[in-house]
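In what follows, subunit A forms one complex with subunit B and a second complex with subunit C.
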Partner chain A sequence: MTLLIQQLINAVELGSIYAMIAVGLALTYGVLRILHVAQAGIYAAGAYIGLFLYQVTGSFVLALAGSVILAGILGVLIERFVYRPMLPRPRIVALIASIGLLICFSDLFRILGGPNQLSFDIRSLNGSYGIGHLLISKADAAILGGTILIFVSLWFILQKTRLGFAVRAAAQDIETTEIMGINVSRSVSWMFFLSSAVAAFGGVMVGVLYNAVYPDMGDAIAYKGLALIVIGGFGSLTGTVIASFLLALTEVFMTTYTAVPLSREAIAMLFLVLLILIRPQGLLGKA
Partner chain B sequence: MISTYALTVLTLMGIWSIVALGLNVITGYAGQFNLGIGVYMGTGAYAAAMLTTGAGLDFWVALPCALAISGVMGFLTGLPALRVREDSLAVFTIGLVFVFESLLVYLPYFGGPVGIGRIPHVTIGGVPLGREAYLALVLAALLLVIAANVYLKRAWMGLAWASIRENELATNVIGIHPARFKLYAFTIGATFAGLGGALYAHFIHYVTPYDFGFLPSIYILVMIVFGGIGTVRGAVFGACFLTLLPELFRFVQDYRNLIYGGMLVALMLYEPDGLLGDNSRLWRLILSVRSRVGEWFSARSSSRVAHSVGASAVSEAAAAGSAASQKTQAPIRVLETVNLTRRFGGLVAVNGVSIEVFSQEIFGVIGPNGAGKTTFFNMLSGAIPCSSGEIRLKNEPIHSLAPHRIAQRGIGRTFQIVRPFSQLSVIENVLAGIGARFCTGFVDALGQHHNALHRDEARMILAQTGLADYENEISRNLPLGLLRRLEIARALGLRPDIILLDESFSGLSHRESLSLLELVRNLRDSGATIILIEHNMQITMNICNRIAVLDHGTKIAEGTPEEIRANPKVITAYLGSADHA
Partner chain C sequence: MCMYCAMAGLQPASSDASIESSHRERNHRLTRRGFNAGLLAAGLGASSVARAADSQTIKIGTFGPFTGPAAGLGTEAKKGIEFAVAQANAKGGINGKKIQLVAYDDRANRAEAVSVVRKMIESDGVQVIVDGSVSLTSIAAAPVANDAKIPMVAAYSNAVGVVKGEDHVFRWASVADVQGYVIAHHAMRERKYKTFAVLMQDEEYGRGVVNGVEKAVEELKGKIVYKKPFAPGEREFRAIMTEIKTLGVDSVIMAGFSPSLTSAARIGYELEVFPKAQFYISCSATEINWYSGIGQYGNGTIASLEFLASTNHPFTKEFVAEYTKATGEKVVSHQAGLMYDSSRLVFDAIKRGGTKADGIWRALGETKSFMNLSGVDVKFTELREPLLPIALAGWDSASQNYKLVKFEKDEALIDPRPWYKYYK
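Presenting the complex of A and B:
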C-alpha cells in the first residue's frame, strides 16, 4: 500500500515535470508551428543556473527565482534571434536549428560544469513529513506544491489575462490576431518567456528530486516532450497535460510492476507509436 | 598509395552518402520529415550481419535479402503515413527509432547491447576484398544510388513527390494519391539506407543498436540539410563534409559538439537552403561561373543553334491537339447528379440537387452566400462524401470514389484559394497534371516525364492557356490572375471530361477577369465542358450556357441566363423578398 502511494507520488511528480516541458512545446507549436526541441536545453540550463545560484547565494528560493527569470530571458533571446528570422522558411529549417541549439547547450554545460553529474542537495529540503504511516519527503512536498503553483498561475495567465488571450488568439490564427491590433511579436516573446521559465522550474525540480544535474539531462525529455504534444493532440494544452500524466503513470507502473524489459524512453515511444496508429489525431486533437 | 586511414575515411564518406541519398528520397524529394532514418540503415546492417554470421550466407546472397527486408521495413513504417501527416509523422519517426533501438537492445535474438560482431569480410570468388577493393565496391554502390536518385527525380514518381511536398491537398485533384506515393518514397529510401547499412556492417565488422539510434539519424538528416535538401550533390557533399569534419576538428576535440551545433544554427540562419542548395549563394556562384565559361567556349566556336525546332514542334502539336479536341458530335450528357444531398449534423447544406451537364457547355452554379455551392462542388470532386444521392460521370457512378480516383476518371478542378505547386516551375505544374495519367501504378510512375513528348504536350496546354511566356517561371512568383490560369492548365493535363472552376474570377482585376473569361470561352469552343461556381452574376450571365441557382441547399431554378434573370424566385433569393424589405 505504502509502495503504491509512493509510486503514485512518483508518477505525479514525473508527470508534472513532463507537463512543464510539454506545455511550453505545445504553446510554441500552437503559435509558431515550430518543433522547439531546444526547450529541453533551456530546461537543463534552468537546472545549471539554479545550482550555480544556490551555490553562490545559499538560498534555494533565490536560486529558483533567478533560474526561472534568466531561463525565461534565454528563451526570449532564442525566439528573437534564431526562430524569428526562420519563420518564412520551410519548417525543417527551424527544427534543424533547434536541434543545433540543443547540441550546443549540452556541450556548453559539459565544458562549464564538467561531464559528470553534479549534486544538487538542498539541505532545507532534507527530511520528511509523516502522515499516519506515510512518509512524504520534504522535497516531494515542495515539488508537488511548486507544481500546483506553476500550473495554477499558467492557467490563470492563459485564461484570465490579456496576454493569455493574445497567445490563444495567435495560436488560432497569427495573421488575424495581428490585424486585430494585438502586438503578436510581444505576445510571442512573453510566451517564450513563460514557457522557458516553466521549463527551468522543471529543470531545478528534477535536479533537486534526483539530486543530479548533468549535461545531457535534457536529451531524453526533449523527444518525450515532442511525443507528448503529438499524443495530446497538437495544440491542445489540456490534452498535453493529460498525456504527460498518463505517460508518467505508465512508465512508473510498468517499470515497478511488470517485467517489460524496455527502458523508460522506449516505453514512452512505444506509447506514442501505438497511439498514432490507433488515434492519429491524438487524445484531444480534432481529426 | 593511399593510407589505411584515408581509405577508412573515404569508405565511410561513401557509405554515409548512400544513406543520405536514401533519406533524400523521403525527406528531400517527397518532403516527409523523417527523423528516424537509422531504423532503415540499422535494418539493412542487422539483416546483413545476421544472415552472414548466423545463417552463414554469402554476402552476395545476404545483400539482396537485406535490401528487401529494409524495403519492407520502409513500407511498413510508411503505412501510418496513410493516416498521419506532417509533424505527427515526423514525431512518429522519432518514436520509431527509439522503439527500434530498444528492441535491438532488449531482445537477446539481436545480440543485445553489444550487438553482433565478427561480421565476415566480403569475398569475391573466395578472395576477401582488401580495403581498396571495398572502397571500390562502396563507390560503385554509391554511383548506382546516385543514378537512381537522378532517375527518380526525372520520373513521374519524382514529380508526384514534388507535388506532395509542395501542396499535398492539390495532388488529390490531379489524380495522385499522396499516401501511396509517400509509401513508395519510404520504401525506396529505406532500401537505399539499408544498402548503406549492409555496407557499413561489412566494413566495420560489428554493429550495435546505438549505431542506428536517434542521434545518428539526426546526423544523417543534418547531412542532407547541410548540403542542400532535395539535391543529389547536396546529400553527397553534406555526407562527405560532415564525415570529414570530426577529422578536421581533431585539434578542437573538446569543443567539437559546440562548434557542430553552432554551425547548424548559423547555417540555418544564413544559408537555410544548405551550402549547395538550389537557392544557395555558393550554388548560384557555381552556376554563373559555369555559364560564363560556357559562353567563353561557345564564343570561340562558331555556333549555329537551330532553336526553331522546338517552336515548330509546339505549333504542330498544338494544331494536332486542337484538331483532336474538336468534337463534332451532338452534345452528350457528361455529368449528372441525382438528388445529391449532404448533411452536416442537423444542417442540410445541399438538399437533393439534381443537375445534368452536357458536353461543350459552360454550366454555372450560383447562389447567395451559404447556399451550398462549395459543398456541392466538393462532393463533385470527392473532397467530401455525399450523404445520399448519386453522381454519374458519363453514366458511371463516381460518388463513392476517392478524390484522386475521381480526378483520374476525368474531373479536373481549380481552387478558390489557389493551390499551385509553388516551388515548381509553370511547366512542371502542368507536367504534374499530365503525370497523373501515368501515376496509376508503381511501374508506370517510373516512366520519364523529362522528355520531349510530354514537354510538348505541356507546352501546348501552356499555349492554350496563355502561359507560354512563363514556362520556366517558378509558380510562386506569378500574380493571382496567372495562377488561376495555371490551375486550369494543370487540370487540362488530366485531359478531363469536365473541369470544375471554383470562383476562378474572385479577386481578379477587371482586365484579368476579361482575359480569363475569354480563356474559359475558348476552352468550351475547343470542346471542353465546364462547371463554374461564381459570385459574380455579370460574369455568370455572360458566359454560361445554362445556370442552376442554389438557395439554402436547394435548387430553386435552372435554365438559360435569360430565364434565370426573369425568375422571381431567384430575384427573391438574391435581393430578399418584399416582405423582408
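Presenting the complex of A and C:
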C-alpha cells in the first residue's frame, strides 16, 4: 500500500511538470491554431535565466520571479515578431519557424552556458518531507504547490477577468471577436506572456529538482507537450491537464507494475499512440 | 629501450622491430627530400615550399560530438587531445616534427561520423586517428578507417563492436562488459552482497556493462531481483527508486551516462534507498556532469573507472597539475583523461613506426604495454584491446572527489577477450 501511495505521489509530481508545459501549448493552439513547439525553448530559457539571476542575486525567490517575468516578455516578443507576421500564411509555416526557434534556443544556450549541465543547487530545497513511510522531496513539494497556485490563477484569469473573456472569445472566432471591439492582439500578447511565464516556472523548478540546467532540456518535453495537446483535445485546457496526469500515471505504473522491458520514454509514446488510435479527437475534443 | 619509451613506461615488442621501422622512416624521409629537391629543380617552387612545410608536421585526425546533445563528451575529449598535442609540441614534437591536429564534429550522428572520417582520410590526408566519439558513432566510423588502412584508437568507446573485426582499430578504454564483471565481483566477493537491482541505459554501452554484471552474478550464485532499462539522458528515477526501496536489495548497479547516474544518485539518496543499499556505477561517473550535479549526495557510491586522477604517482600528479593549469578545469574528466592517454599511445607509435599509416599501425600492434595516467602499466592483447586495470573508487562528498578503493588488476576479470563471443 505504501508503494502504491508513494508511486501515486510520484505520478502527480511528474504530471504537474508535464501540465506546466502542455497548458501553455494548449492555450496558444486554442486561440491561434499554432503548434508553439518553441514553448519548450522558453521553458529552458526560464531555467537559464533563473540560474543566472540566482547566481547574481543569491535569492531564489528573486531569481524565480525575474525568470517568470523575463520569459513572459520573451514569449510576447516571439508572438509579436515571429508568429504574427506568419498568421496569414498556412499554419505549417509557423510550425516550421517554431521548430527552428527551438533548435536556435538550444544552440544559443550551448554557446552561452557550455555543453555540460549547470548546477542549480538550492540547498533549502534539498532533502525530503517524511509522512509516515512516505517521502516527498522538498523540490517536488514546491512544484506541487506552485502548480496548484498556477492552475487556480489561470482558471481565475480565464473565467473571471476581461482578459480571460477575450481569450475565450478569440479561441472561438477571432474575426467576430475583433468586430465586437475586443483588442485581440493585446489579449493574444497577454496569453503568450502567461503561458511563457508558466513554462519558465516549470523550467526553473525542474532545473532545481534535478540540479541540472542544460541546453537541450526542452527537447523531450517538446514532443511530449505536443502529444499531450493532441490527446487533451486540440486546445482543450482541461483535456490537456487530464492528459498530462494520465501520461504520468501510465509511465509510473507501467514502470512499477509491469515487466515491460521498455524505457519510460518508450512507454509514454506507446500510450500516446494507443490513446490517439482509440480516441482520435482527443479526450475532450469533439469528433 | 628509448628514452621516450622509458618515460611513458612503454615496452616495445622487439627492439629489432623498432630499429627496422626507424630505418624505414629514415629511408622514407630521404626519398621525400629527394622528391622535393626534384620539384625545386623543375621550377615548382611554391608547391614544393608547401610540401616542405607539410613534411615538418604530422597530421593526426580526431572526431567527436563537439555540438549537439553529446557535446559535453566530445568537447572534453577534445581538451584531452589538444592538451596532449600542445604538450608534445612544446617538447619539440615527435622526431623533430610538430603535430597538427585535424578535428571534426560528428554531432554524435552515425552518418556524420562516417562522413568526417572519410573527409579527414581522403582530403586532409591524416595517417592516424584518435577517436574521441561515443560507441554509437565509433562503430559506424571504424569500418571507414579500417578499409582505408588508417589506424584508429578509440579512446572511450566501450562497445565491443568498435574494435571487433576491424584490424586497424585499437582501443584504449575497457570493454563495457569488463566493467560490469569487475563491479559484480567486487560486490559479491568482497562485500558479500547477494541481491541486486540493475539499471541499464538502453544502448551498446549500458547493455555491455549489464551483460558483465549478469554473467558474474550468475557465476557467483547471486540474484538480480530487479532490472530496468532507461533511455540515454533519462533523469526521472523516482518510480524506479521507490520500487527498489521496497525490494530491499543489497546493492544497486547502474550503467549509463553521467546525467542519468547523477540524477539517480540524488533521487536514491532523497528516497533513502542509499546508502542502505550500496550504489555502484559505471565509468561515466567521472564525466563533468557528475561533478557539477551530484551536490551533497552520492557519498560512498563506488564507480568503476578506467583511470584515477587522484593517485599519488608522480606522473599523475604532474599531469593533473599541468592539465588543470593549462585548461582551467578543476577535474580531469573521463573523456579528457582517456583521450590524453590515447594520444600519448599514438605519439609513441609514431615515434617508433614513423609518420605513415602502415608504420603507425604496425607499431601500435607491437605495443605490449603502456603506462596510463594513473601510473599503471596496461598490457595489450592480440585483439588490439588493453588489459586495462579498473580503478574502483568511492565518491567522497566532503572532498567532492573519488578515493581509490582498489585497482582491479586480476586478468581473469579485466580480460576483454571472453566477451567477444557475445557480439557478432
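In the analysis below, the second predicted complex is superposed on the first by the 283 of 287 C-alpha atoms of A that agree within 3 Å, B and C clash if a C-alpha of one lies under 4 Å from a C-alpha of the other, contacts with A are read in each partner's own complex, and residues count from 1 in each chain.
Here, a residue touches a chain if its C-beta (ideal position, glycine included) is under 8 Å from a C-beta of that chain, and two chains touch if they have at least 3 such contacts.
Everything numeric here is computed off the predicted structure, so don't read it as measured data.
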- Task: Specify the outcome, clash or fit, for subunit B and subunit C once both structures are aligned onto subunit A.
- Result: fit
- Classify the contacts of A:Gly132 with the two partner chains as first (subunit B alone), second (subunit C alone), both, or neither. neither
- Query: Can A:Cys104 be said to touch subunit B (first), subunit C (second), both, or neither?
  - Reply: first
- Touching partner for A:Ile92 - first (subunit B), second (subunit C), both, neither: first
- Query: Does the superposition put A:Tyr214 against subunit B (first), subunit C (second), both, or neither?
  - Reply: second
- Message: Per the contact definition in the header, classify A:Glu265: touching subunit B only (first), subunit C only (second), both, or neither.
- Response: both
- For A:Gly181, is the partner it touches subunit B (first), subunit C (second), both, or none of the two (neither)? neither
- Message: Between subunit B and subunit C, whom does A:Gln117 touch in the aligned arrangement: first, second, both, or neither?
- Response: second
- Query: Is A:Val82 contacted by the first partner subunit B, the second partner subunit C, both or neither?
  - Reply: first
- Item | Distance in angstrom between the closest Cα atoms of subunit C and subunit B, superposition on A | 5
- After superposition on chain A, the subunit A residues reached by both subunit B and subunit C are 107, 110, 261-263, 265-266
- Task: Name, in rising order, each residue of subunit A that touches subunit B in their complex.
- Result: 29, 33, 35, 82, 85-86, 89-97, 99-108, 110-111, 223, 226-227, 229-230, 234, 261-263, 265-266, 268-270, 272-273, 276-277, 280, 282
- Query: What does subunit C use to touch subunit A in their complex?
  - Reply: 67, 69, 71-72, 74-75, 202, 228-231, 233-236, 238-240, 242-243, 246, 259, 262-263, 266-267, 270-272, 288-289, 292-296
- Query: What residues of subunit B sit close enough to touch subunit A in their complex?
  - Reply: 27, 33, 80, 83-84, 87-88, 90-92, 94-96, 98-99, 101-103, 105-106, 214, 218, 221-222, 225, 229, 254-258, 260-265, 268-269, 272
- Task: Would you mind writing out the residues of subunit A in touch with subunit C in their complex?
- Result: 2-3, 6-7, 10-11, 13-14, 107, 110, 114-119, 121, 123, 126-128, 135, 137, 210-212, 214-216, 219-220, 251-252, 255-256, 261-266
